[in-house]
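Consider the two complexes below, in which subunit A is the common component and subunit B and subunit C are the respective partners.
On to the complex of A and B.
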């Protein structure tokens, strides 16, 4: 059975199962989203937004849509997937089901808990009604599919004037009890005025059974809020990820999203920023290092709607073997958004024959008093620099590694959690196959 | 040319709306409205074309019928009804080509107004002109001089008669009839255009030039240009266009094919100044043009364009860098004002080794216009050491216009080196202040700054065109900054 037909058939059963939350308008939202998905289906290469990324190979599997039962995992066996050096809140899901054993949530001054609880309990209703599914792409059939089946995920609500003292880790494990699994987590993050939160998100499969994750995250940053979001994408080659993140910012807020894509079979990141006030700063960073036949597709959108805002976008990519990189960076500056500063940079290195990069940095500008620029390069390592290092006794492999590390370093500098920075640095060294030999 | 001073410009700006908006009352031989196989046959017959050409047109027509009008470009316009256009219009008295005395005096007046005098002056400025009016070539100058070198420069209808082997070999080889909607339409109904062949090792001694003009109302202009530069040759080719001011929208769908064989070089410059519509966006020419060049080994094709006219422009002069060491260049200035819309750019397809391409695109938008750059740089897997540099700068004037860039970059070879950069800005107040402070008034200052902004492209134009282009730029932007 085609995946689409299977999903269509599953929807009714799903709706019956979760009908407990009739209090909320969520039922209507799901039905509407489902109709949209049923009408449009999965995107194909004919869609301009999916021109370079075909989902065909990912969709051919017979995915189990409703994973059965909760699998227990020992903390010791998965410790390495957490940023365990520092204290943190944790929201952990195993095969899409919440694991209270591995998690550490909180209701003390702020809510760090589950979306399923938020959808069910009436005390969360005002927040859910105000924010849930308000900015998630209504025209994206992939997002609609997630909305239709939205049930579980992280729910984070920080009231105003609050600094969350430690980072929050959202980790999704898949154990492989199902041979082919489709996961659709849904996160809702609302950060109040003048508050600050750091979030690290990771998807990890524990064996090489096929997993497809279609995740949607909505982030709302109120005035003067600061949100730092880190996505670690270093999954097994059997796992594919479609990540859709939508961010709405109010005046004077700072939101940064850092995406580190090293693993997975197919990774597609849809990242959309909507600015709804003045003096907003939006930062998008990404490092992609992939090989084999991996594909990483970064699709970003920054929507400047009000004056005096900034956006900074920096994506670095290193491509080995027969891997493919796609970058599509869209910056729209609307008529009212005078004095906008929008910068976008995308640098790529192709290491091997057979690697491909498709880039489309796109600017659409309707205001005249703006500074907007984008730069996109595709090139190789500087042979003079390589020679310099080798003439000083650094072996070729290490010299290469150092230069590549230096190439990616710009985007690394922005990480504000030192332990995470060390972790990412190690991942990069591992990925480049060198011991960088200096402690960073 | 005498020195053109700022005061002259000011005088011109005061009086001028669209200088070329006159209509010449020449009796025209016009086909009934509509398009079907009979019309295609009739056009072919009118031109006294051989059987293979008729068949080629009919095939293109059938392909066109199965195609849909593209709508991916960033432009909005009422779709022309392609069945509602007369596909053939020729000035009735067909002048003989040898002597000017035989040319209809009305026609000559038209050319004088256009500033193209087909007389001694032009001979001094050493430009051979082929004039295409309402899709039909009416005069070609300098034929004899060129003939001595073995250069063929004539209307394409004549080339089909006299050099069928060349036309048959090259027509449709770079832009096949199946290429796109407008190219298919053009292939089916084109009535004339220019043909140029430069033999082996010949350096064309003068600039070749074609002047296009739409005159008759309710017609479309469909001309076809084919330039073949044989091994080791060089040619510089100019193209200019104007149309009368009319309320209705006129259609222009041209195809230009360039073939640069080994070690040859073609330089193709366009100053496009079709009627852009009036201040309220009424009328104007829809300009849907397919231009493409093919480079063999060590060949070079350079496109330079100054786009100031047309209500809607849809134009992507491209280079297929097939041979090793071939070079493609694209220099463009696109100016939009009032309600004009331009979606223009280039494609650089790198197939051969050590191929190089350069793209410099300058977009200037004013009024309520929309200006888009859309480009593709494609490095194929066998194109070792390919190199591309792209730069797209946009200048916005006023707050009702838009500037857009849609660059596509596809690299499949690790040795590729690609740089792309784009900036958007407005004329800085400090720049204006600097000029004002030194006694240069705002209008002149803007003209200065715009000229500086587009210098890199203006420098690439042949002398005669550069002056005209600068003038055009200034006129197009008249009064756009308050």
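On to the complex of A and C.
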């Protein structure tokens, strides 16, 4: 059976399983989304937005849509996947099921807990009704699929004037108890006026069974809120990820999303920012380092709708072997959005002859008094720099690694959690096969 | 120490060096002068092992060992140092981290343990003082946003740290004001010993007021057309290069 048919057949069973003794209108939202998915199905290369990324090979597996077994994992065996050097809140899922054992949630002044609870309990109803599925892409069948099956994920609600004192880690493990697994986590993050939160998200498969994750995250930043979001994508080669993240910002808010894509089979990041006020700052950072036949596709959108806002976008890519990169950065500046400052930069290095990058900056500017820039480069390593380093005694391989590190560095500089920065630096060194040995 | 015999080198079928002979002994300072395009920088790059150039004839020996098959890093490990005319900017890698990596790679290649962090710091402090380098400078990204003078001073700092046998300074004086030139020259003079040798490549005589060479060679069209003592540099300053063609 094709995956789509299987999902269609599963939807009724799913709807019966989830609790209905609530007056949330989530049931209607799911049904509507399901109809949209059923009508449009999975995107194909005929869709302009999916021209360079084919899901065909990813969709051919016989995925288990409802994980049955509940697996326990020892913390020691997965410790390395957490930023364990510092204290943090943790929302952890194993094969899509919440693991209270590995998690550390909170209801003390703010809610850092589960979407399933938020969808069921009436005290969360006002927030869910106001925000849930209001910015997730209604025209994306893949997002609709997630919405139709939305049930579990992280629910984070920070009231106004609150600084969450430690980062929140959202970690999804897959154990492969189900041989081929489809996961559809759904996160809802609402950050109140003048509040500040840092979030780290990771999807990690613990063995080489095939897993496809179709994740949707909605983030709402109220006035003057600061949200820093880090996505660590360093999964096994058997794991594929479609990440859909939608962000709505009110006036004077600052939101940054940093995406580090080093692993996985196929990774597609749909990242969309919607500015709903003045003096907003949106930052999009990405570092991609892949090899073999890996594919990473970054599709971004920034919607400038109001005057005096900024966006800063910087994506760096390093491609080895026969890997493929896609960058599609769309920036729309609407007529009212005068005095917009929008910067976009996409730099790529192709190491091997078989590597490919498809880069497409798209600027649609309808206002006349704006500062917008975009730059896209595709190159090889600078031979002058390489000779310089080798002439000082640094061997070719290490010199290459240092240069690539230097190339990616400015996107690394934006990480505001020092321990995370160290971690990512180490991951990059590992990916580049060099010992940067920077501890003097 | 350095023995160059009938060296011919070309880049993309263009002959640049057309039979260079040069003999540099330990403890000596040689200056190679010549007009633009005479092949000075090519000679420096070829000695350091730049792979863009093809050595078509002749040989380069360092302490009687033929360098021909050695990669640039291997030459560095054997004690060759080239100070660049245009040092390259490497963002994200600090001066300290870069030199630490370079030193430990050389030590590894020569069968030594890495230099302990404490000794490394001590050495960095010592050499920075020698060249009048501010400590803050060492934690900046290598050459990024450095002024011309800072870049050159940083080159000599690296030379001081690496303690090479043969140092080739390619146009080290270009882009330096007189004060910076004095600091750099002073550094080079202090690093000089009877065990090492220096080859200065320069267009102008100015640098030679501060680093006094034992021998001066004039390069023209890929060949050394005249050699002499330090007074040759003064003669060139006066008469220019035309009389030698």
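The rule is short, and it goes like this: the second predicted complex is superposed on the first by the 436 of 440 C-alpha atoms of A that agree within 3 Å, B and C clash if a C-alpha of one lies under 4 Å from a C-alpha of the other, contacts with A are read in each partner's own complex, and residues count from 1 in each chain.
In this section, a contact is a pair of C-beta atoms (placed from the backbone, for glycine too) under 8 Å apart; a residue touches a chain by one contact, two chains touch by 3 or more.
Since we're looking at a predicted model, the values are computed, not measured.
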Quiz item: Looking at the overlay on subunit A, is there a clash between subunit B and subunit C, or do the two fit?
Solution: fit
Exercise. Quick one: classify A:189 as touching subunit B (first), subunit C (second), both or neither.
Key: neither
Exercise. Look at A:26 in the shared chain and tell me whether it touches subunit B only, subunit C only, both, or neither; answer first, second, both or neither.
Key: neither
Exercise. State whether A:171 touches subunit B only (first), subunit C only (second), both chains, or neither.
Key: neither
Exercise. Mind working out whether A:302 is in touch with subunit B, subunit C, both or neither, as first, second, both or neither?
Key: neither
Quiz prompt | Partner chain(s) touched by A:289 [first = subunit B, second = subunit C, both, neither] | solution = neither
Exercise. Pick one for A:119: touches subunit B only (first), subunit C only (second), both, or neither.
Key: neither
Practice problem: Could you tell me if A:420 is touching subunit B, subunit C, both of them or neither one (first, second, both, neither)? | Solution: neither
Self-check item: Shortest CA-CA distance between subunit B and subunit C [superposed frame, angstrom]
Solution: 15
Quiz item: Is there a shared patch on subunit A that both subunit B and subunit C touch, and which residues make it up?
Solution: none
Quiz prompt | Complex interface listing, subunit B residues touching subunit A | solution = 72, 379, 381, 394, 396-426
Quiz item: Which of the residues in subunit A end up touching subunit B in this complex?
Solution: 48, 52, 335, 338, 348, 350-380
Quiz prompt | Parts of subunit A lying in touch with subunit C, wherever the complex brings them together | solution = 382-385, 387-396, 398-399, 402-403, 405-406, 408-410, 412-413, 436-438, 440
Quiz item: So in the complex, which bits of subunit C are touching subunit A?
Solution: 45, 48-52, 71-73, 75-77, 80-82, 84, 86-88, 90-93, 96-98, 100-106, 109, 117, 120-121, 158, 162
